[in-house]
Structures are given as C-alpha cells and as structure tokens.
Amino acid sequence: MTVPALAPTSSEVLAVVASRELAGKRTVFAGIGLPTLAASLAHLTVAPGLEVVYESGVCGAHPSHLPETIADSVLITDAEAVISMPALFGYVLQGGHIDVGFLGAAQIDRWGNLNSSVIGDWHRPDVRLPGSGGAIEVMANSREVFVVMRRHEPRSLTDALDFCTSPGPDRARADGIRPRGAGVTRVITELGLLARGGPGEELRLTAVHPGVTVDQVRAATGWELDVADGLAVIEPPTIAELRLLRDTVDPDRIYLR
Amino acid sequence: MTVPALAPTSSEVLAVVASRELAGKRTVFAGIGLPTLAASLAHLTVAPGLEVVYESGVCGAHPSHLPETIADSVLITDAEAVISMPALFGYVLQGGHIDVGFLGAAQIDRWGNLNSSVIGDWHRPDVRLPGSGGAIEVMANSREVFVVMRRHEPRSLTDALDFCTSPGPDRARADGIRPRGAGVTRVITELGLLARGGPGEELRLTAVHPGVTVDQVRAATGWELDVADGLAVIEPPTIAELRLLRDTVDPDRIYLR
Amino acid sequence: MDTQTDATGRTTRARTTPGTTAPDKTMSLRDAIARYVHDGDTVCVEGFTHLIPTAAGHEIIRQGRRGLTVVRMTADIVVDQMLAADCVTTLVSSFVGNSSAGSLGELRRRVEDGRLTFEEYSHYGMVCRYLAGAQRLPFYPLRSYGGSDLPRVNGQLRKVTSPYPGPDGEPEHVYVVPPVNPDVTIVHAQRADRSGNTHVWGLTGVQAEAVYAARTAIVVVEEIVDASVVRSDPNRTLIPAHAVDAVVVCPRGAHPSFAQGYYDRDGAFYREWAHISKDPRRLAAWLDEWVYGTEDHAAYVSKLGRDHWERLAVDEALSIPVDYGRRR
Amino acid sequence: MDTQTDATGRTTRARTTPGTTAPDKTMSLRDAIARYVHDGDTVCVEGFTHLIPTAAGHEIIRQGRRGLTVVRMTADIVVDQMLAADCVTTLVSSFVGNSSAGSLGELRRRVEDGRLTFEEYSHYGMVCRYLAGAQRLPFYPLRSYGGSDLPRVNGQLRKVTSPYPGPDGEPEHVYVVPPVNPDVTIVHAQRADRSGNTHVWGLTGVQAEAVYAARTAIVVVEEIVDASVVRSDPNRTLIPAHAVDAVVVCPRGAHPSFAQGYYDRDGAFYREWAHISKDPRRLAAWLDEWVYGTEDHAAYVSKLGRDHWERLAVDEALSIPVDYGRRR
C-alpha cells in the first residue's frame, strides 16, 4: 500500500473534487481519464450505486485492467451490458437515463457553452479539433454536465467561443428548441470550482483551492467572473481519498500523472 | 412416399399456383399456412435461393417441424438470424428488402386495397376482425403483394370495402404520400388468378382453373371484372409439384387440408 | 441463497454476487404489481407471441386493478382475460386476434358492443410509438398509413412534411405517430441478475424499446442467475439494469405462450381459448378456477400438473459460445 | 474447402454447408473492392473503435480509388491514410481525432488548408443518418443541435415542427438529419457463414444500420464458419445474409483496432501514428512500406511478425451458452 506521503498532484486534486460532486448520483456518462477516476472514487465513497455508462455502449463495466479508451476490450469482457449506438444514444442518453455527463472542451463560456470543433474560423481553422463526438448529445440530454478543465486560462474560459459545438439550454431555447437538462453545472479547474444552477444563470466562482485568491481566478478567466456569496475553500484531498485513488483506482498511475 | 393418386385439394392447387408466381424472387414475407407452403414449394422448384422472412423477426428458418405460427419455437432454433421488431419492420421491410409480401384479408377491392379490421362500421362493428398486424407495412413496403383468397365471392372481392386497412399505391398517392411498391399484383383464388401491374391498374382476370368459366368468376366478384386478352387456363398441379408438397413440404398434411 | 423448485422439479438457484454494490431489485410478483401498477395507469405488456407476461396479467386481475389503459402490439389471451376481469377501459393495439387460433371472445364482444375504447394501429405504428417513447422524441416518422382509413378513426396518426425535397424534387410527406410512455412496462424474459440485467433470446420483439419507453419497468424472468452468468455475455443483455425497477422470478410465467429453451407454446390452450372466451359464463368460470382460484402463479403451474408441463418440455439446443477474450 | 493460415499459424477452415442452396458470397478482398468500390462513390466504413475495417481501407488505397466520399462516425487512422493516399475528397464524420492518442496529421492539414470538404455532425447525428438510411426515411428527428453552430456550417441540419403539442401545449420543434445511403458500406466482424449471416460481439456500434442503409455491403471477417455455428445462435446474427453482397475472410483485418476475443488493440501504434502522420514525408514512407509495399493484408500481417501479434494476443473468456431448445 502506498503511504500518501507525497503531496496530491493536480490530477488527484481534480479527480477528488469531481468525485465529491457526484454524491448521490446514479448514472454518469464519462470518458476515460479524470472523469472515470472521479467516478471510480465516487463509487467507493459518496455514490456507492453509481453506474458509469461509456460512449462506446458499455454499461456496468468490471475491467480487469485500467482501460486506455472508452472502447477498451477490458471494458467489454465482464460488462453487465454492451449495447448498440442507437440504443446508447437514443434509449439511454436521449431517453433521459444520465444524471451527470462529463465533458471536456477547448473553450467554455460563462453560460457553459462548449467548443470542441475549431480554433479560428470553422471554414479555414487555425486548429482543427476532434469535434463533437457525442458531446452535443451529452450536453443536450444529461440532467447536468460537469466539465473538468486542467488549465484555467482566459483563452479556455473565454468571453466568446470561436465556435459553439455543444450549446447549453439558453442557446437551445434561443434557437426555438425546448431544452431538457440544466447544461453545465460544475466546472472543476486547477484554481477552483465554478458552478451554475441551470438555464439563465452564469457560471460563478463558488470555491477556490487553498491559497488561491479570487483575483488570481478572475485574471485567469476570460469573462468578468462573478463570485458567489460565502466563497468556500476546497478541502484538500483526504488521506482516505488519496489512498483509494492511488491503491485501488489507478495503482499504476496511468492517469494520475 | 405418397403416390399422388388423389386429385389435388383446393389448398394444394392454391399453394401450387402461388409457388409458380414466385419464380426468380429472392425474398418473401409470409405468414404460416398457404403462403409458407407456396414459398417452400417455390424454394424446391422455381426459386431455389428464396428466403422467407417472418413477421416475428425470423430470417432463414430451418424448422425441424412444420411451424404452427410465425413465432413457433421451431422457426427460431436453427434459424440464420432472429432480429428485433424495429429491425424487422424498419430495416428489412421499410428498408426495401422484400420482393413479395403475402397478405390475406376479409375484403379486397379492384385496386387491391384490403380490409382486415371490421365488417360494418369501425366504431360499432358487426364483426371486429384482428386488424392490420403488419399488413399495412407489408403493403406499403414490399415490391409487390400476393393475396390468396380461399373463397372467391362478392362479399370478399367487393366493390366497396367496409374499411380500408391496408391501402394500395393509388390510395396512398391520393392521400399525398409517395407510394413505394406496386401493391397487390396477384390474387389467387379457388376460381382463378387476378392480376394487375401496379399503380393505376385494376385487377383483371388473367387465368382460370380448368372447367371454370368467365361468367362464373364474374358472378363471384363484387365489381365489374375485366378479363385479360388471351385468358389462360391454369395448368393443374403436376405430379412432381404434388409429390414435393405431400412428401417434403407438409407430409403430415397440417395445412394441406 | 434463494432456492425455488418449479413444477418439473427443476431447482433454480439465485445468488447475490459478493463484492458488488449493485442494488437488489428482486421482489415477488405480488409486491411488484402492488407497487408499480395502479388504477388508471397506462400499462404496457409486451412480448411478440414469445415471452408474454401472462402471470403478471393474472396478478393484476387478482389484485383487482381498474381503469387501465393496456398497450400491447398483439392483444392476446392475457388481454382477453384482463378485459373479462374488468381491469381495462382502453386498449392500444395493432392486432386483436387469438393468434391463428380463432377469436378473442371477450375483446370482440366489448368492441362490437362499444364497451371498450380501442386505439387501433398497425404493428410498425406501435413499434414506432415505442421507439419515440424510448428516445423521448415528440414523434416518429414511418412510410406507411398513406391512404389507410386508420387515420380517419385514430387522430393520433398525423403527417409531417420533410424539410428535404423528395427524389423528384417535390416536397415529401410522411405519417408520424406520437410517443408512448407507459406508467409501467411489464416484460417476461429468460434470465436476469438481481439488479435487472436481463438476457433475452429467441424472438426479442420490441421488449427493449417498451421498457425504455416506460416510467417504470418490471422484468419477470424464468430464473435469476448469478451476475457472472450475465456478464459472461454482455451482448445478450437486451435490457440493462438501469432501465429496470423490479425483477421477479416466476418460472413458466409466460404460459400459454413460450419461453425459448424453457418450455414450448401451449397450442392446445390457444385453440381451447377460442371456445372458452366465446361463452361469457365459461370464461368467468375459467377465471374463477385458474386466476381467482389460484393464490399465485406457482399454484397455477402446479394445478396444470406435471404431465401438462412434460408435453411442453423441449430438448436442449445450446448456442456455441463466443470468445470475449481476456487481457493477459 | 478453403484453408487459410494466419500469422500466428492458426488454421481457419471454411466449409460450405451441404444441402442448402444459400448463395456463396465469399470472395477475396481485392475482388470485393474492385467490384463494389468505384471512383466517386460514397463509401461508409464503420466500426466504433472496435472492428475498424483497416484492411479494406488499405486495399482501396492499393487500387488507387479517387474522389470518394467517406462516411464514418470516428474518422480514425484508416481515414487519415486514405486521405494521404488521395482517395478522398469529402468526409462526413462526427469525430476527427486519433482516438485519445493525439491528432490525425493528414486530416488536420487538409482541413486547415481547405483541401477537404468536411460535413461535420455529432455522433448521434451520424447514428440518426444511418437510422434514416436503413429505414428509407426522408429524415430522422433528434433532441440535440438546438443552439449549436453546426447547423450554421452544415445546411443538412434542419428543423421540423411536431404535429403534436409539447408538454406545455405549445408547438414543439426538433432538429432532423437526412438519411445517408452509401453506395457501399464496409464493416469488419468476427465471423460469418458463406452467405453473409454475420456474428458480431463486443462493441456493435452502428454496423447493422450502416449495412442496411447501403446499396451494397461488404462484410470482412476474421473467419468464415460453418452455417451450423451461426445457426446455433441466431440472435448473434447482427447482419443477416439478405443485407450482404460480399463476404471476405481477412484475419487481423481490423489492426490497429481490435477484434474482441481475437486480438487486442495496438495502442502503441495509435500513439506512433500521431508522430508518423505529423510529417507528410514520414507518412508517405509509411504508406509505401506498409500499404503499397504489401501485396495484400496477409503480407501486412506477416510483415508485422509473430512477436507483434503475440503481444496483442488475448486469453479465452467464453460466453456461457444459452439454450434455444428443440422440439421433441
């Protein structure tokens, strides 16, 4: 067993903070990496019945090794169910079975809209990014969405997206489409935690990591960031949380860089 | 081996006539009874590659016993594929994979429209019939439809349906829906064979069984029946056809009553 | 460990998997019906000829539910029985015959006398209602119904114009159906684990869609198996646990329909039903004896007797396994 | 009887079933590509991370096809390679990254330089295009895209008003996508019989829909099996023979992706591809050596060598059989 003598790494802090936000949730849609680390830790702590659904169609995985991708063969062998894409996206996601969807993005704005398509103009981009994958559907159909942003900087948390790939409920409504979920409700970054309740609300700073100042966060955010009353300081990862992460969830430190 | 000394029964004649019309077809959608007898015989004679698709979702059945229903367990064990209802109706039937659909009905009109819902008024019927099942979809999506009517009489081959359950292409077009297949192209009865080429054409008498007169057929038909030039006389079942039906297809004479 | 013995003396074992935190959703059929089926509910009972949840229908009758809307593609004997027991006021269906064995007497009487609200569809219309329901879509398009009289008597069949031109450049119109989202869907299956991961084989019909379309779902199974059995073949899980609220073990609960690999269809009973249901008094007597007169489905199964089940028994025909592989 | 020996020395046997008249659709990959893939065609290459038909992509490159429209949810290494070989002018896709292992260098260069027509969708948008295609529907509705910038750059994303009022009584609007009906769909699978009844397990993605959506379909398999193997488990037949035009046996044809139960994913190659594809000369050299320089996929497989395949080998994890039953 690892003695958690080492100070928590940035990845460990992000995973722990995200795991705590999953308290009481039943189903989470997650990609490999920090989201699955967070979900695995939550499963062992605050959300014992938590089921992770993967975009590949795997439900109730029991992997023998830490998976490298959402489609890793170790997620399939011994899973409770492996379903087709029409069933995964149609019946599970659009069917309303996902409590929390985890998403990443190159850019996020104050309303929780996301860009994962391009930097620059879509037609002749400076950087062509991978695109939506299922992110548009995760955003549109999950009850709420958590975003983990390793880097907290103005070009990522931006005042104006270069392109809106995955819109939150406010943009959907403005487009004449009835929104379903709350959109992004949590943004977990290296500096702190941003949150919003749902449609019509901006992301506000609700907690900072120990030693981080509000000015620091504001300077790193591309929009005029609002701060919640009673701003909290995030409790650092506990020894119990770190032990679980290091000894049980990712003992080979594949994602806990 | 049965020596086909007995004269062919009415069921045998209908099955043989229907089987001949399947020459060269690849896929047929058929219910249990005369349609499957016809398909099985065709498979052994004029359509060696013929695949029967059942409404239950069975493709390429290899039954150990003659099935009693389209969902008989003997159709499932040893089948090549068993698919869900959405796949059967959506991908196979609506997807355009069926050459010939077999349908029955309580009433048919001169355009090949069918009633299998009610005798009398729909809201307070004299007789409530089983309804469409998949007949509406078989009619709308098969390249063509064959109807076997054991009884040829004016109340079955009628001038005006009590209710149109399964419409042919002409009614579909009049309703603003682009039709796909030809609708009913063959009606096989105890008196003869009625045929039409497709949209815009009426069913005409193209052949009669030996000894049946045109007047007899006209009297038994609820509309002013048109007769094709060069009206043919149907060749009676051959000894080879009868042997196959009696010895191979239905040796226990379950459907060859 | 639960141990159950069925009418043929076969013992089925149900074990929990140690080391998992998956919720145990098993309960008796009586409790499941009491908890999830209420007067006035919309109840979907699916299974296309195969795996018809008859035992659940009988338990609904025993508990005296009233005012139900029953949604079912092929109204079958169990629907005729629920009608005769006065549980149902509205039927949503696409086929109301007793398979190929004659009529459903009670259903015909009630429709012909105007005592039952009947929403009539075609099979694919029903399938599309489940598809829309499972996907929480406002409507589902299909290529049929053009020219049918059904839209004249069923106002739910409507048209939409496609925003893409047709192959000839002209606007294209199609019929659509609305979603169905039953209060509860009940299906029967071969086996499930205690949290509801359900293996179904043979005819799978529209069961997955009907379950996903529903607000709550009851899965009745021939046997509860260890999670390791289900997990040895995750592609066979037609219905994942997250879509299931109650798991009920009820061997032979699909009689007189069949469970592929477990027991065959009781064709003789289907034929007999045409006669029983034709005579309201005979039908009432049948319900008294076989439903009200049996405490639960186990009693119904023993009342049928060993010889009866022996006639419906099937020999083994095992699938050849596939290899899911395991990383070294 | 055909006998093939793969790189690990395993012998696969392919037998015809005596006594059936099912057409034999087996042919070489070279013949299948020559017959079914033409310059200017719309070619769908599916397999969600699992069972990617790489060998077929390589054969398209060897035969020098030009002007293809490639339809594929997750553009992957094989698409990057087909782009670099100048086979493709239009890409229809919903994810254009090299899995989680970096970028597809050639794809990025061509998009960033404006040398590739790219029709961008989301995953479910692509799924719905296949669903509409398979069902020959004029459009398919979905609950996403509202407020996205994608409809601004992709005119195929349009809206329809539901003919049923929404939950608040107001009209309800949804986005729809048009069908896709590829000239040919190519998928990879574990096993099929000679007429094309195809067993797939593990991640099944959207393969069935992509095949049914197409005008013609090529199924590439790890092994041809006797029809009796397929027929022992008809529910495992994801793709029935009537939807298949060509059956190609090509062991390890999904490398560097994987075939559940046969060989694992070559993660190292995915990571290496980020570097190879970043440099156009290195990419060209790779194509010269591994695609143009190999006569067929068997040569590519042997060139990788036994040690390489040994590292990707997996242990056995067999499914527990189910009983289909047999009437006595």
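Should a chain be cited, it is by its letter among A, B, C and D, assigned in written order, with residues numbered from 1 in that chain.
As a working rule, a residue touches a chain if its C-beta (ideal position, glycine included) is under 8 Å from a C-beta of that chain, and two chains touch if they have at least 3 such contacts.
Here's who's who by UniProt: A, B = 3-oxoadipate--succinyl-CoA transferase subunit B.
On a predicted model such as this, the values are computed, not experimentally measured, just so you know.
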| item | value |
| --- | --- |
| Geometric centre distance via CA averages, subunit D-subunit A, whole Å | 29 |
| Mean-CA-position distance for subunit D and subunit C (Å) | 35 |
| Inter-centroid spacing, subunit D versus subunit B (mean Cα positions, whole Å) | 38 |
| Subunit D: positions in contact with at least two other chains | 131, 135-137, 142-143, 159, 166, 172, 174, 201-202, 204, 208-209, 232, 235, 260, 264, 314, 317, 324-327 |
| Shared interface positions of subunit A, touching two or more other chains | 58, 73, 76-78, 82-83, 90, 94 |
| Pairwise touch network: line, ring, star, complete, or other | other |
| Chain-chain contacts as defined at top | A-C, A-D, B-C, B-D, C-D |
| In the complex with subunit D, residue positions of subunit B that touch it | 26-27, 43, 48-49, 51, 53, 58-60, 62, 64-65, 73-74, 76-83, 87, 90-92, 94-97, 180 |
| Residues on subunit A engaged by subunit D in the complex (per definition of touch) | 31-33, 55-58, 68-73, 76-78, 82-86, 89-90, 93-94, 113, 117, 122-137, 139-141, 163-168, 170-180 |
| Complex contact set, residues of subunit D against subunit C | 135-143, 158-164, 166, 172, 174, 176, 178, 190, 199, 201-202, 204, 229, 232-233, 235-236, 260-262, 264, 313-328 |
| Complex contact set, residues of subunit C against subunit A | 21-23, 131, 134-137, 193, 195, 197, 208-209, 212, 227, 230-232, 234-235, 237, 240-243, 324-327 |
| Complex contacts: residues of subunit D adjacent to subunit A | 48-50, 73-74, 93-97, 99-100, 107-108, 111-112, 114, 120-125, 127, 131, 142-150, 153, 159, 166, 172-175, 201-206, 208-209, 258, 260, 264-265, 267, 314, 317 |
